[in-house]
Amino acid sequence: MTDFGFKLSKSSAVELDKVDTTLFERLCEASPDARICMNCGSCGATCTAGPYSGMSLRKVLLGLQRGQDVRPLLSGCMLCGKCTMVCPRGINTRNLILNLCRIYD
Amino acid sequence: MIDRVASGFHPFVIPFVAGMVFVLGYCFIGIFRILLQLPAEDRKRFFISLVTPKTILKNIRDIFCDCLFHVKLWKRNRLLGYMHSSIAFGWFMLIVLGHIEVILFLPHRIRLFYYPIFFNFFVAEADSTIQGSLLFFLMDFFLLIILSGIALAMYKRIRSRIFGMRRTARPSLMNRIGLYSLWAIFPLRLLAESFTAHISGGSFLTIPANWVFRQFLGNDLNLLPTWWAYSIVLDVFMVVLPFSRYMHIPAEMMLIPLRNAGIRVRNARKGFAKVQVLSCPNCGVCIDACPMSVDKANIKDCTVYLTRQLRRKNERRIEEISDKCLLCGKCEAVCQVGVEGPALRIQLRSERKYALSPDYSCIPDPPPAESAGEGKVLYYAGCMSRLVPSVGRSVESVFRKAGIAYEWIDRDGGVCCGRPMYLAGRLEEAEAIVRKNEAQILGYGVGTLVVSCPICYKMFKEKYDLPGIRIVHYIDYMQELLDAGRLKASRSDLCYVYHDPCELGRGMGIYEEPRRLLGRIAAITESPKNRNESICCGGSLGSLTLSFAKREKMTRAALENLYDGKADAIATACPLCLATFSRYADRPVRDIAEIVDAQTVGTITKTEAI
Amino acid sequence: MKENVVIIGGGIAGMEAARQLLLLGYHPIVVEQKDRLGGHVGQWHRLFPDMASAQDLIRGLGEEISDANIFLETKVNSINRLRDGYQVMLSNGVNVACRSLLVASGFQLFDAARKEEYGYGVYDHVITNSDLEAWFNGKPDVRIPEVPENVGFVHCVGSRDLKAGNLECSKVCCMTAVKQAIEIKEKFPSARVWCFYMDLRLFGKKYEDFYLGAQQEYGIQFVRGRVSEVGETADGRLQVKAEDTLTGKPLRVRLDLLVLMAGMACNPEMTRLARMARLDIDSDGFLKSLDNIRSINASNRPGIFFAGACTGPKTVPETLAEARAAALDIHRYLQKGL
Amino acid sequence: MIYEGKQKIWKDYQKEIPDDHWYYVRSCIRQNFFPASERKFTDITRNDLGKDVYETPYHTTCGGIAYHCDAIPQETAMTIVARQFALMTESGYENYVPSCVTSFGNYVEILETWREFPELETRIREQLWKACRREFNKPKYLAHTSDLIYHWRNEIAEKARYRLIDKETGEPVRMAEHIGCHYAKMFPSKGIGGAEYPYVLAGMIESWGGQVVDYPERRHCCGYGFRQYHMKANRGYCVSNTHKKFESMEPYGIQAILTNCPGCCYFMDRWQYVISEQTGKTYGKDGFGIPVFTYEELAGLVLGYDPWDLGLQLHQVAVEPFLDRIGVEYDPKAKYLGLNKEDLLKPELPTNLKCF
């Protein structure tokens, strides 16, 4: 292979219809709440782990639907429940996170 | 009294003997297995406790009070207490008296353990003695007591309300068989003894009954079938016992010494937990106590059903029941045998396997401890307090007024105390959070840690290793400030009803301190269900699966209990209760810290301040 | 003899106003360009939030105004000022003298073909909200596949778009998109549906319930990002590009059907009327009310009133309420004059 | 695809193009890439079509490339353009035709800017006067050379020796068109067919017998991107864009690509080689690439010019399969002979991209 000093970069585009959302679908079976997030961002704003791991449940849910690896975000979650308190849609966020931790592979 | 049957045997005793052998064998094997299941350390502790005089006495007292007299039930409802203790104690007395009879009159038969039970069949009255008639009188007396208890039990099936219970557990098939055989034992005994009374003698119950029966049944043909029936019913009861709630009778005798030995639930399926599960009498007192039972759909998730499902090994339901619970601890507080519903559930939750575990290495360790913190107070508001900023602000204001040098560790975010993770059953993960947080706290080098959230407080007190640091809830700390005269309090003209937060009250046993503090600055009124029967606000982090909508019903029910005509406002000492109640309350909800802040002024000048 | 009131436009605004004027004892003359009454709503299928039948609404209104004078396929040729009223010449040769006129000329659906990048009229499977309603009403449409797998909705087509000549929000499209997405899911339960929005403007009674239901019960996904371009793939499907502004990533998706939520644009007929009657035009191109708070029905000309979408995008209930208000305004105006 | 829908749009975007008397300006980079294209443009227009196309050796770059590389401010570009216009004025022409799409875009942008801000035009006139004592008239008509070939496409078709038809199957050749971004994306009304569905190249292909094939990433940039390419660190990004286009094109069996921009033609040709080196993938048949032509080259081919006179040997992607397909006669041995028939030697061969 000829070295040109530069390389083809991988596209950052998300192929919405092809992206693997099995994990998200499985999460929805366990926690149907996962579908009703309206991306307000309250959870991320109040998150205790946010400053440490960048955790934001909104990003986790959206990331799962876009085929991203959300494990680094989740890793800091302390399950403190502040997100449950602030969620305007009443999503049971702690249960959702626990379910996600159970099914993640 | 003389032996009526020369051989000292009659075939009708066989069912009883078989049942007795079966149940005793079952129990002995059970005890052996449970002792094996206990961790070695706990086993050792148990054996030591069995030879420690203090615990021996406590065990005897507890077994009498709890198993025979049902003291806790008496306290709860006299009728209920009478019903249970009449049967338990009455039966106990029949057995004891039966043995006394055998020892007194037929000491050579004492080895035949069915003799005390069927004494009246095997004896014939020779010449009545004072002793005999007294014993016969006592036998009839206790039989009457039991029969009255049975009558109440039957009535309770129809109307449980007069026993102070709105709802009772639905009996399973085995429980029904056990129940009906139990109900049948004593009337049959009355019949059998009555038919035999003209031979064996009797007292105020059996002799008149014998006379009545003889008026229209002129022969003794009825005699044997009733004894047979009595023996068979006893057999049925004993055979069913291990598979029904009546297992609680032997299990509780095991539970009391284990508990008194200081053993805790470490595994939800084995050992101590197993004894707890078997000890559950299915009385259903926990159903009314459970805050979730305001919703009919949740009744089957109360602790009584957890123990039932654990015995049935219905894993799907076990998971559902253990995840739904708020872990408020009220079922445990009202349970007459002391089944630890929350501890069992946390252990069950801890059995879950998670594919993904957190990694808290992203939380940086603080710089090494500095001596600058000495004499200072560290304030830890906790995650929830930060969502109700008035709590932190009030605590801070009180500190300032009292001239306390303090640091607010999590003013701009911090590390969770770990209790929410613990409650979710992720014990190792909770441990990791605890270790992270310990390092953060020790980094300040302070001597006192003031906490405003009971959830954190319980965790700090029970799971943290913070050498040299005194952990104190602000309730105590503010009381001290007032006692020391650093604050001067004025009285509020509002009347408060105090809500005991689960974690502070049942969790830490702090009931009087908040009332004392609040009472200094305001009038207090009590709600019908208070102290250890206080109703969870519904916001608890303990529940994993309860939806927001379902919690609302519980919150409203808990508020209903607090709506007292005299109370202008509700006071509490937990940020989560505060936030949850504030959503729906029809009157102001205040944290005690806020009230203290509003009602106090500082008494020292700035220069005096440390 | 009952007094004439000329109503220009036979959509729901004109019909409701005619109904009210009949009740108030006037003789409404409804002038409608098309060969039927009902306007845009007449071609719609179901109306949010109650999912009521649009046809029933039009039929009901139509029955109640049978006593009015209705001229179909008729235009206004000229409007001349008389001493105390107007002389309205109609294209069918009828000449009406009236003291009061109601303009209810409505809006024009934005021509989605003008957003060339979306390929309406170029690609095989791009339709508009209006086309979809027509299909719901039973009109066959070859552009809608038998069983679409992936369906997209593009919000704000011709609205909030300087390049499309309309900076304003068309108000009803977000809710229409949610409604139609649900209806598509009802017809094709296996379809995956994405709504591409810039902001979700769901402001009305029960609208939020629809949004929640769309997510919860129908699994419709909302993607925050405007569709930038559409292409056709080798197998005749659509390739749609947008930015997922919430993750900051470009998106590509292959769809079997793309529905463009065409907005409300000014009706050229309205502009012609405004010139004839010397009515003021507002900065958004719609007719200018005397003010936008108290006198939304009043024009700058005595005796001429407005109702409905001729002054800007409106929902159905708003339009009906305005029509009633306009009828009262006319009544008061005529009473005062007597 | 609904062809009538496109026709409707094409009808909306037509511009007036005078039939004769054009002042011609060359591209600064193109003569290095494909030098014959501009030469053949003059040959075709003057000799084959008999048009008056005038050029002067005094003209320079239009400044567009430097402007788009952020190397000079627009005012500098404007002054350069002013001098170009002065040369046209001095030569007595009023129809201006640049051969570069970026130049065309540059001229359009500057003329539109002057229309919006006349004071800017006045200032540029002053600056030009101060700098070189020249004055200018703005062109009456501005067109790109591809506009002219489009304009004369039917005359070319009449004179054509070959048609874009597969000799073997009789089917039209499947061609993709690629329009330079600066042609109409900035000012859609200035391009034939507009910005979304430009017709300028499609019209030529249709007129000369070929079939235009649309593909999803048709609008996408060729992968030059001016300052992106000029920074070596960013070239991976440039070639990735080209890669995206070819990936999108792949399922359509495209046999040739027609371009109207110097950069596009060059990069879509050369990057095929880079992609094949990095991924091992080629997009034509049997390991070949897809040939990329300028519109002058394609016009020259159909008119029967010798492929090597058209400079097709300077393409990275071998053109022979295409020539064979439409039946163009050529001497394979003459591919690498210079004008004086001297052997220029064969270039080094790529690893994966087949060249003959």
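A, B, C and D are the chain letters, set down in written order, and residue numbers restart from 1 in every chain.
Here, a residue touches a chain if its C-beta (ideal position, glycine included) is under 8 Å from a C-beta of that chain, and two chains touch if they have at least 3 such contacts.
Here the structure is a predicted model, which means the values were calculated and not measured.
For chain A, the chain whose average C-alpha position is most distant is D. With centres computed from Cα atoms alone, the innermost chain of the structure is A.
The interface holding more C-beta pairs in contact, when A-D is weighed against C-D, is C-D. Work out the mean CA point of chain B and of chain C, and you get 66 Å between them. Chain A and chain D have centres, each the mean of its CA atoms, that are 46 Å apart.
We define each chain's centre as the mean of its Cα atoms; on that basis chain C and chain D are separated by 45 Å. Annotation: 39 Å between the Cα-based centres of chain A and chain C. Contact with two or more other chains is made by no residue of chain D.
Chain A has residues 11 in contact with two or more other chains. Listed by chain label, the pairs that touch are A-B, A-C, A-D, C-D. On the chain D side of its complex with chain C, the touching residues are 1-2, 5-6, 8-9, 194-197, 214-219, 248, 251-252.
Those residues of chain A that touch chain D in the complex are listed here as 1-2, 4-9, 11. By the touch rule above, chain B contacts chain A in their complex via residues 323, 352-360, 362-364, 383-384, 386-387, 413-416, 418, 420-421, 424, 426, 429, 433, 539, 541, 544-549, 579.
Put simply, chain D touches chain A in their complex at residues 232-237, 239-240, 243-244, 274-275, 277-279, 351. Put simply, chain C touches chain A in their complex at residues 150, 192, 194, 211-212, 215-216, 219, 221-224, 244, 246-247, 249-255.
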